[in-house]
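Structures follow.
After this come two complexes, each holding chain A, first together with chain B and then together with chain C.
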Partner chain A sequence: MSKWKEWKLSSSLKSILLMLILILVQLIWFSIQSPYFLKIGNIVNISRQIAEIGIIAIPTAILIIAGSIDMSMASTLGFCAMAFGMMMNGGIPIWAAAVLTILVGAAIGVFNGFFVAVLNIPGIVSTIGSMVLIRGMCYIINRGNPVNGFSEGFIKFGYADVLGIPVSFLVMTLLFAAAAILLQRTNFGVKVYAIGNNEVSTRFCGIKTNRFMWGLFILNGMLIALASIFLLARLGSAEANLGQNYDLDVLASVLIGGISILGGKGNITGAFLGLLVIGILRNGLNIIGVSVLYQSIILGVLLILTAAKWKKVKD
Partner chain B sequence: MNEKPILQIRQVEKRFPGNYVLRKIDLDVYPGEVLGLIGENGAGKSTLMKIITGVYSLDGGEIIFEGQKVSFQNTKEALASGIAIIHQEFNLFQNLSVAENIFLDRDGYHDKGGRVDWKKTRQEARRILKELGAEFDVDTQVSEIGVREQQLIEIAKAISSNAKVIIMDEPSAALPQNEVGHLFDVIRLLKERGCSIIYVSHRMKEIEEICDRVAVLRNGTNVGTMQLANTNMHEIITLMCGREITDYYPHVQLEPGDVALQVEGLTNQYVKNVSFRVHKKEILGIYGLAGSGSVQLAECIFGLNRFREGKIVTVKGTAEKHTPEEAMSLGIAYVPPDRRREGIIKELSVEKNLILPQLRRYSKAGFLTQKKIKSRTIEYMKQLNILAVNSRMLLDNLSGGNQQKVVLARWLDVQPDVLILNEPTRGVDIGAKVEIYALIDKLAQQGLSIVMISSEIPEVIGMCDRVIVMNKGRISGTFASSELNQEVLLNTASVAQGKEG
Partner chain C sequence: MEDKIKKKNKILESQEFMIFIFIIVVSIVFAVISDNFSSPSNIQLIFSQVAINGICTIGVSMVVFLGGIDLSSGSILSLCAACSGMIVNSDMPLVVTILCSVLIGMCCGLLNGFLVARLRIPPIIATLASMNIIRGLAIIVTGGDWITGFPKSFNGIGQGRVFGLPIPFLIFLAVTALAAILFRYVNIGRKIYAVGGNIAAAELAGLNVVRIKLFAYILCGATIGLAGTIYASMVGTISASTTGSSLGFQILAAALIGGLSINGGKGTVLGSFLGVVLLGVIKNGLILSKVSEYWIDAVTGSVILIALAINAVQIIRRQRRITIS
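Here is the complex of A and B:
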């Protein structure tokens, strides 16, 4: 009788436990450091701050599991926010501008997906190009000027809540739940993992992998556009460099959350916990007065430590 | 043998969390011999080789090399001491030259600053390759030379560091059948130089031809080491499987039914004007050497490759769009030759590997019908004797033979009329092989048409009712099973063709 190889312990369970411990340690440490940290006001603050990052982290996680990546997310976020603001200032009703903004996001997804799906260029290469390109467009569309002066109603929307929970955070949480169900229980999820694991085998099973990847990029663009709407409502102003560094936090959440940069492995629950780790860390460091520069260093160290998990197995 | 063994393995044990992989293995290797090492998948062959070369540490016992106890930290250390391993997949840098690959990072071929001594590197490379009878230039880039030449480079790497024991893991797996003979010439040459070879292989014919002695592993124990002269293949295989295998090729030819697949004048850059028919209940073999176009032909039929001219017709219609989806709807299924790259998805469960071509059938409004999937998977696991803890087990944790059965189950579940099997038993151990042959025979009896592409001559002769031989993209001969023998196949597959080449 031939035997199967050693059955691996679920590594995803381990990484989820690890993150829960990390979150707990952070909560205890920061609440000792600052009496303000655990106040309701601050917790609401954290939830509002991580909402946009979280909404982008969802399609980013899906793209990475499927074996690709969108490096242009921060530029897309900025561009969509500017486009949204300009449309509103141009007199388009808020809801119509919001719908149009999501279409703008979809269009960017079509553009990015084209290179990956039709020309077979790796996402990491082509989207670095569009990252620069779209950022350039951010400067051009309003000649480098910030977009602001929105109606009071819109700004109120930015701080709207249901039973004290920010709307943006609710939307993000719902999207995470939807994504978790989608990845675990549907055809869509099977395809995402299959392509990320072995694109050739998946294609040999009659699945149109290129078309599917294109679809993922469009979804990605639309969700980034949605995030940009919440971001603009919260900030009340969009500058051409808006969104810069958001990609770092998004990628950090996803990677700390145990999703392999090589594709095919990881789950959305991990990304959600990763998001909490990053969100609490950022907020806590801000409250105890650590400068943004040092925050980068701490974040970098954390990322490298998580990266160690993916070190090549000696074989 | 009166000589002292050069390599002694004494009571070696290895545990992975949970179970023993090797139990008290004893094995001696004598200078200048070729020792065959066989065993089914999961018997512990590769673990043992990894322990010898320092990839794994051992949990018990000792390894004695040239009279001294050794414990290498990695393969580089092992190589420096004189034990080399040549893997099934070569460790070569495709974009470096032959000479660079042989002496890369070797002491004595660069100075302290890391500057390479090019003259010495080239000269030595040339000398060694000449000894091995190689004809290619040492400045050629590796990506430009063939598999056999690449294997020679691996061997050159080993002997250039004075390896006294060379472990070859499935060395013929990557080679076209007609080049295995060249490999054996090189092995004989190495023997003359006093080098010992550990020849790990599934292929009994090769073991019989080249080995002096053979060691059989089963479930992590050495169940017997014997002189090949004193035994026969039947005995060895029985020992390896732990049971007697009487009937390799159970296939009985049936009266063929109606035409199930008709291919007419298929032409693209790889295949030229290929026409054939397959009937119900028939097993049609396609035999060809590497580069004959048989793989591309199969990919054309399954819609993975485009073709300029020609027609593919089944009972269900004519191919128009040439996509795998359409091929499936025409009743065609395809089991590709490279299981790891084209077949399985190793990080997905047995269940999900099974349903992949038919996601729509196994879902309602996009949601997977979990119960149906599970019960169907378990059904196939029983039917094909797939050994897995449960239906959620990842494919990566299954042995090669069981992985192949999952791929077969996947395509049987599509309920095709025509099943194209491309190298269905490559890298599969004998036990699983025989099971697969029995399954193929059963399927033909149930009325399926089977196209079996294979480069293993015994399998082609043993299983097929009719065989098409391909050469340079064309059909160079068609034979009924009664006309078949090894010579006919090889000759037809390698005849030089007219002016076009």
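Here is the complex of A and C:
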């Protein structure tokens, strides 16, 4: 027993150390390659860019630890952003539109959760269906046209900061802290890990696992909607194919962070560090002028490497 | 006599028969809504529209039987189509082109198979990653340019007809027939079903699971490679970044409607075939009834979810029946 505990501690410590080294190497490498990389302006830029990915990575991490996944996150992000923009253009005040958008996200969560909780379909399968469906809805609601022309106050909100730190990054950090406390210190976290490790035995312990998973999907939808608000404020315009590559970034962050795709293992701190690795990598590659194409190849390879790492542990 | 009735009931209760009825019902509805739907030229059009998706679906079905999934099929199609176009343009004979394209497809399949079978990455994550990698390769190979200007003789294959049927559709039929024979009568086909049905039992029975998985993925890649050449000759212009961008999900939809289970070991090649035809009819009918093209994604998604829901309800009912009896 004690041996097992020792191994677990060292393994998670090892992965955290590995990521810190990765981040350090990246920082050194990119700052040698480009003089602009370590400027304050660029660091603020990175924090702004990773904020939305980070806000989505939190519920994704929780879902994956609980043994499920939401493949429709990119479509949901796009749809919520479209809906939010259209509501604002329709004359609804910003705060009301924001609340409604989060409700839209919650509704998508209810929809996704229904297939998982009531019909017992694995999340990875049913959310592929809803991914295609929701992406279609993105095209339908505005007939394929982009949404833009928002008030200046809203665009300013997208670039608002507190003491030089972007608001979206602050919100993301707070959410990460909250999620870490929830997962490590509360009843909620115990349930998440228990379901991820063995759903059947958790159900036999008297926990309503289906209802709990449904709740997780609703939370997931709401947080993605929140991310869409920040994303729209930053971009100032939403197209129907908005956020199409976000799923790769989010999944790569979470999996690099040491969260097992098979569920039950990993923690939020890892996901946060994984997010930094991906965010710095993306920004650095952009600055030294690597095309988006090669970037997606690099991310794909990283995804494979990190997913493959769990083979030994599982055996 | 009793045997005959039993057999008849079995056919009537099968998923394939249900889809067949569904195709007829949908066709009648569209024929009533739109005058052009039932015209011979439109029916020929449907046949040629479903051919590429169809060949790819048969290929991916082999992996789904195994309990796997392949999201990278669109990227593989793009890479193979671009390569066939470039090979044809350098004056190579058709046979060489097809062989090269199939070979490239097999390499992509080998990559997927390696990730899934050897590294044991869940297929959905592995093929999500390879989808991006292979798409990137396709764009690198073409240098981001359109591949076009094929010789007339090459275009003749994709656009030609034999007995009034488009050649791609005939190839689709041939591939379906071959795959059906493979999965019904040939040793390796049965082994793939066995691995999909119960991997632990298959392993205990002495099957080399890793090799069977690799084989299925390579075969899937080869089939998509063949589709790549046909696609190039049919379409005539290939852009590596957009070719087959939503193919993976359309295939998944067709396979699920056709009664294949995402957990493997269930469904038939005929089911996949009918699933593809049904989706093709719906898509064509929607366009002809002047529904906006933006609805196509939404309809595909809904069809996937409805097929999944029906499947799930059947499973829940069966479980109830077992607990009652």
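Criterion: the second predicted complex is superposed on the first by the 302 of 315 C-alpha atoms of A that agree within 3 Å, B and C clash if a C-alpha of one lies under 4 Å from a C-alpha of the other, contacts with A are read in each partner's own complex, and residues count from 1 in each chain.
Here is the rule we use: a contact is a pair of C-beta atoms (placed from the backbone, for glycine too) under 8 Å apart; a residue touches a chain by one contact, two chains touch by 3 or more.
This structure is a prediction, so every number in the text was calculated from the model and none was measured.
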* Asked: Once the shared chain is lined up, is A:V162 touching chain B (first), chain C (second), both, or neither of them?
  -> neither
* Does chain C touch more residues of chain A than chain B does, or is it the other way round? -> C
* Asked: Is A:I134 touching the first partner chain B, the second partner chain C, both, or neither of them?
  -> second
* Could you tell me if A:T202 is touching chain B, chain C, both of them or neither one (first, second, both, neither)? => first
* To do: Figure out whether A:K265 sits in contact with chain B (first) or chain C (second), or with both, or with neither.
  => first
* Is A:N187 contacted by the first partner chain B, the second partner chain C, both or neither? -> first
* Starting from the residues of chain A touching chain B, keep only those that also touch chain C in the other complex, and list them. => 314
* To do: Under the touch definition given earlier, write down the residues of chain A that touch chain B in their complex.
  => 1-8, 185-188, 190-191, 193-194, 197-198, 200-208, 264-265, 314-315
* **chain C residues within the chain A interface of the complex** => 115, 119-122, 124-126, 128-133, 135-137, 139-140, 246, 249, 252-253, 262, 292, 294-302, 304-305, 308-309, 311-313, 315-316
* Structure fact -> As the complex stands, chain B meets chain A at residues 16-19, 40-43, 55, 219, 242, 304, 323-325, 327-328, 334, 336, 341-348, 352, 355-357, 359-360, 363, 366-368, 370, 387-389, 393-394, 396-399, 401-402, 410, 429, 431-432
* Structure fact -> The residues of chain A that touch chain C in their complex are 71, 115, 119-122, 124-126, 128-137, 139-140, 143-144, 247-248, 251, 255, 261-262, 293-294, 296-297, 299-301, 303-304, 307-308, 311, 314
